[in-house]
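Please find the structures below.
Across the two complexes that follow, chain A remains constant while its partner is chain B and subsequently chain C.
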Partner chain A sequence: MNVSTMIPELLEALPLTLAIMFVALAAGFCLALLTTTFRVRRVLLISTLADLYVSYARSVPVVLQLFIAFYGLPVLVGAFGIEDFLSANLAAMVGLSLYHGGYLSEVMRPAYLAVDRGQHDAADSLGYTFQQKIARVVGPQAVHIALPGYGNSIIYLIHNVALIMYIGAADVMATAHLIMARDFNQYQFETYLLLAVFYSLLCLIAWMIIRFFENRASIYTLSNKPAKFSLTASV
Partner chain B sequence: MFNFGILLPDLLSILTVVPRTIAMAVTIFVFATILGSVFTLIEHRRIPVLRELVIAYKVFFKGVPMVIAIFLAYFGLPPAFEFIASLVGLEINGYATPSWVLLIIALVGCLAAFQAEVIKGALNSFDTGQADAAHSLGYTNIQMSRRILLPQIVVAAIPDLATSLMVTMKALSLGFAISVVDIFAQAQLTAALNYYYLEAFVVAVVVYMTISYTITRGADMLERSLRVW
Partner chain C sequence: MLELKNLKLSYGTSQILNGVNFSVKRGDVVSIIGPSGTGKTTLLKCINYLVKPTSGTIDFDQIRMDYARPDKATIQAIRLRTAMVFQQFNVFKNMTVLQNVMDPLVVVQRKSQDEAREIALMELDRVGLSAKKDQYPAQLSGGQLQRTGIARALAVRPDVMLFDEPTSSLDPELVGEVLKVIKDVTSSGITSILVTHEMQFAKNISNRIVFMDAGVVAAEGSPSEMFDAPANPRLAQFLSTELETQ
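After this line comes the complex of A and B, so read on.
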């Protein structure tokens, strides 16, 4: 196995992998904000739908979510009159965004609820609107509480990006499979070890970035109890 | 576009593998919990060298995606089995190991790292004052664990254990890569026969969500009936 030629080849697929990941991060974050807002404000029907969406994102395996996005998108787009639409990369982005949004919502909601009740009441009694309350009082405190859980969800997203090869996106895993097949499947174990190191490094970088922000955000903390995030895997 | 008539046959076909999937999930869950408890015990007692090994183990399995761990087990375990057998002078064919065994070993390895965290969290919720009280009443360590520690931490751990049982269930869906048939793989196989992919996957989603709902409700009821204070 020639590691020195293999690593550059794997790195060529890195931009696409990272692009899909960052789209999922950004879109998932917006989606989670929206979902969490509906879940804590109890709007009739929409809140129930938001609850259903979160339980879909959390109780269905990510592979299955990706396949749903892959085969569901053409049907959805077909309703608008566009025929023969099938894109693995777009489906990967949509599927992972939906997954990340649902998972993140279950981080944001406990963080929102963990902010001291008195802070909510004080803001409400001063006549703050919901947006003002979030932006000026609850938000900054909730950020500190939510950061460890957010770090976990990013790491799980990195793990699950490894699954997008199954719907045919040409990411790092798919490239590795091509390389293995070209070498007549001699060095499968070694290649997967290399991939393990690769993904560990990605997780390590993400973890260090989150740690940096955790240290910075601690200036906003009152004596809030940290919200409880159970550390279970997410697949 | 969406064939509603195919949903019922798909559901019947997928339901046939549900017992097998649950059986595998429970097996993995039990072994992972046992292994996780051993890890927690090692960390709790601060056993010198083993403790560092456990920490390294946890870091590795939390940083590596489960698919990669499964593939590593799939390609790495058979030669390892042969090597170990050759040490004791046996001649076995490691490559004949059924892939579901390899999947179970891989997932037990992965999930034990997370299960250790769950158990550690439950253990931290235990009030050490109660242990002191028990010791001052002359309880031995074993009596204290059995009568005071266990009943409390088991109840405290129920919600997290339910979550991790569901996670185990979902993790099995990665087994289709090494040809283990669970709910997801069966949906794929069913769809491959009639080409209605979206329909089969929607049915699988419903099955997964139903199981998850049942597990959550069951855990809630169990917790309520066990919680005495």
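After this line comes the complex of A and C, so read on.
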């Protein structure tokens, strides 16, 4: 057993790790959008629940949120008559989606509020409906403001995917531990180093995608030239 | 065509509008003047409900609303027949000059892209911005931004144009180009209400002047009555300090 044969073994766990990450990304985004809507346009009770959810997602440690999802999910589906339901992978998806959604909502809300009041006034005065105003004027400007913060929350999500091994999901971290235990704890340093490279690459890709959109949106801010590209900055 | 009655508005404990009565006839060019903080801009923004008066009524041709019972459809009907030019320009930052003028036509009035573009290009030509049509707001001067705002307002073909201190946040050397465009607009016969601190300009283009003080209309009349022989002592005092500084 050596490091080169370990890599394919680790890569086998990659699809599941990525699947959990992408589900959390997509579901978290939708959750954040919904939550932000209710936190900006106050609706009785629903808005208060949205506030509570965001403060849960932001103030409870992610590991704890994962345990709560893992043990809470069976209780929840048990209420619908399904017994003995225990899935680490599903719990990881639910837990991380809830965490990411709440965290992202606190990126979206300030971005929405940062759009100049005058932009709202102009759209209102011209007879735009609320939906048209958001879709045409306020939304695109808020997206531009939110991009750097969104990039950060994606990176935090990627990091926190490494925690799902605590509830027993077989991601790359858990797999690495299995391999090391099987191989009499050899190559520990190399294995962890490999994982570090793996997570760095994921973050770098995420950062490059966000940076691409940031540059594209920079036409309508003060700078006419896009920011310089480098492989190391901000990640 | 437009009449506001007994308009009242307060922010917290401070009363901004204290029972304003104000009316405009078709084709009128009315300038609202007065010291800062007397509610001129607020009055203008009550018309299209960008601020919410606590009481009062509006009559706009056949449209009627009691501000104590605001109603979405009526507000929208008023907004579709008015257009506002803002002190801070409020040009949409995520759109080019041409897109700014076209967008309300396409989104709100449901015109085709081609028709909207044709109207937009015509209005941009009218304000002298054809050459800048593909620039983003961040690349324009204040005067160009305000002319974009005027073109956007004109393009929707409003019954009433609302100008809210259109030159107050411009550098002095850019005021002239904007005033020239406004003069061209008001002399074309479109009903206009203008809040301004440009006294000489107000005198030249208006057929009626309204002087507001402490949240009410303190005096109104023709430009010659108001500027050459002000009967109201507060107006006389205001004009002497204004003209001194200009």
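General observations
Here, the second predicted complex is superposed on the first by the 218 of 235 C-alpha atoms of A that agree within 3 Å, B and C clash if a C-alpha of one lies under 4 Å from a C-alpha of the other, contacts with A are read in each partner's own complex, and residues count from 1 in each chain.
Everything below uses one rule, namely that contacts are C-beta pairs under 8 Å (C-beta built on N, C-alpha and C of every residue); 3 or more make two chains touch, one makes a residue touch a chain.
Since we're looking at a predicted model, the values are computed, not measured.
Partners chain B and chain C, once the complexes are superposed on chain A, both fit on it without clashing. When both complexes are overlaid on chain A, the residue A:Ala162 reaches chain B alone and has no touch with chain C. Judged by the touch definition given at the top, the superposed model places A:Ala122 against chain C, while chain B stays out of reach. The superposed model places chain B and chain C at 100 degrees from each other around the C-alpha centre of chain A, with the value given to the nearest 10. When both complexes are overlaid on chain A, the residue A:Gly72 reaches chain B alone and has no touch with chain C.
Of the two partner chains placed by the overlay, only chain C lies in contact with A:Val137; chain B stays clear of it. Of the two partner chains, chain B is the only one that A:Val63 touches; chain C does not reach it. By the touch criterion defined above, A:Phe29 lies against neither chain B nor chain C after alignment on the C-alpha atoms of chain A.
Looking at the shared chain after the overlay, A:Phe85 reaches neither chain B nor chain C. Among chain B and chain C, the chain that touches a larger number of residues in chain A is B.
Between chain B and chain C the least C-alpha distance in the superposed model amounts to 23 Å.
By the touch rule above, chain A contacts chain B in their complex via residues 55-56, 58-64, 67-68, 71-72, 75, 78-79, 155, 158-160, 162-163, 166, 173, 188-189, 192-193, 195-196, 199-200, 203-204, 228, 230-235. Every residue of chain C that touches chain A in the complex is listed here, in rising order: 45, 48-50, 76, 79-80, 82-84, 86, 88-95, 103-104, 107-108, 136-139, 149, 152, 156, 162. For chain B in complex with chain A, the residues that touch the partner chain are 1-2, 60, 62-69, 71-72, 75-76, 110-111, 114, 117-118, 121, 159-160, 163-164, 166-167, 170-171, 173-174, 176-177, 184, 187-188, 197-198, 201-202, 204-205, 208-209, 211-213.
On the chain A side of its complex with chain C, the touching residues are 116, 118-119, 121-128, 132, 136-137, 140-141, 144, 219-222, 224.
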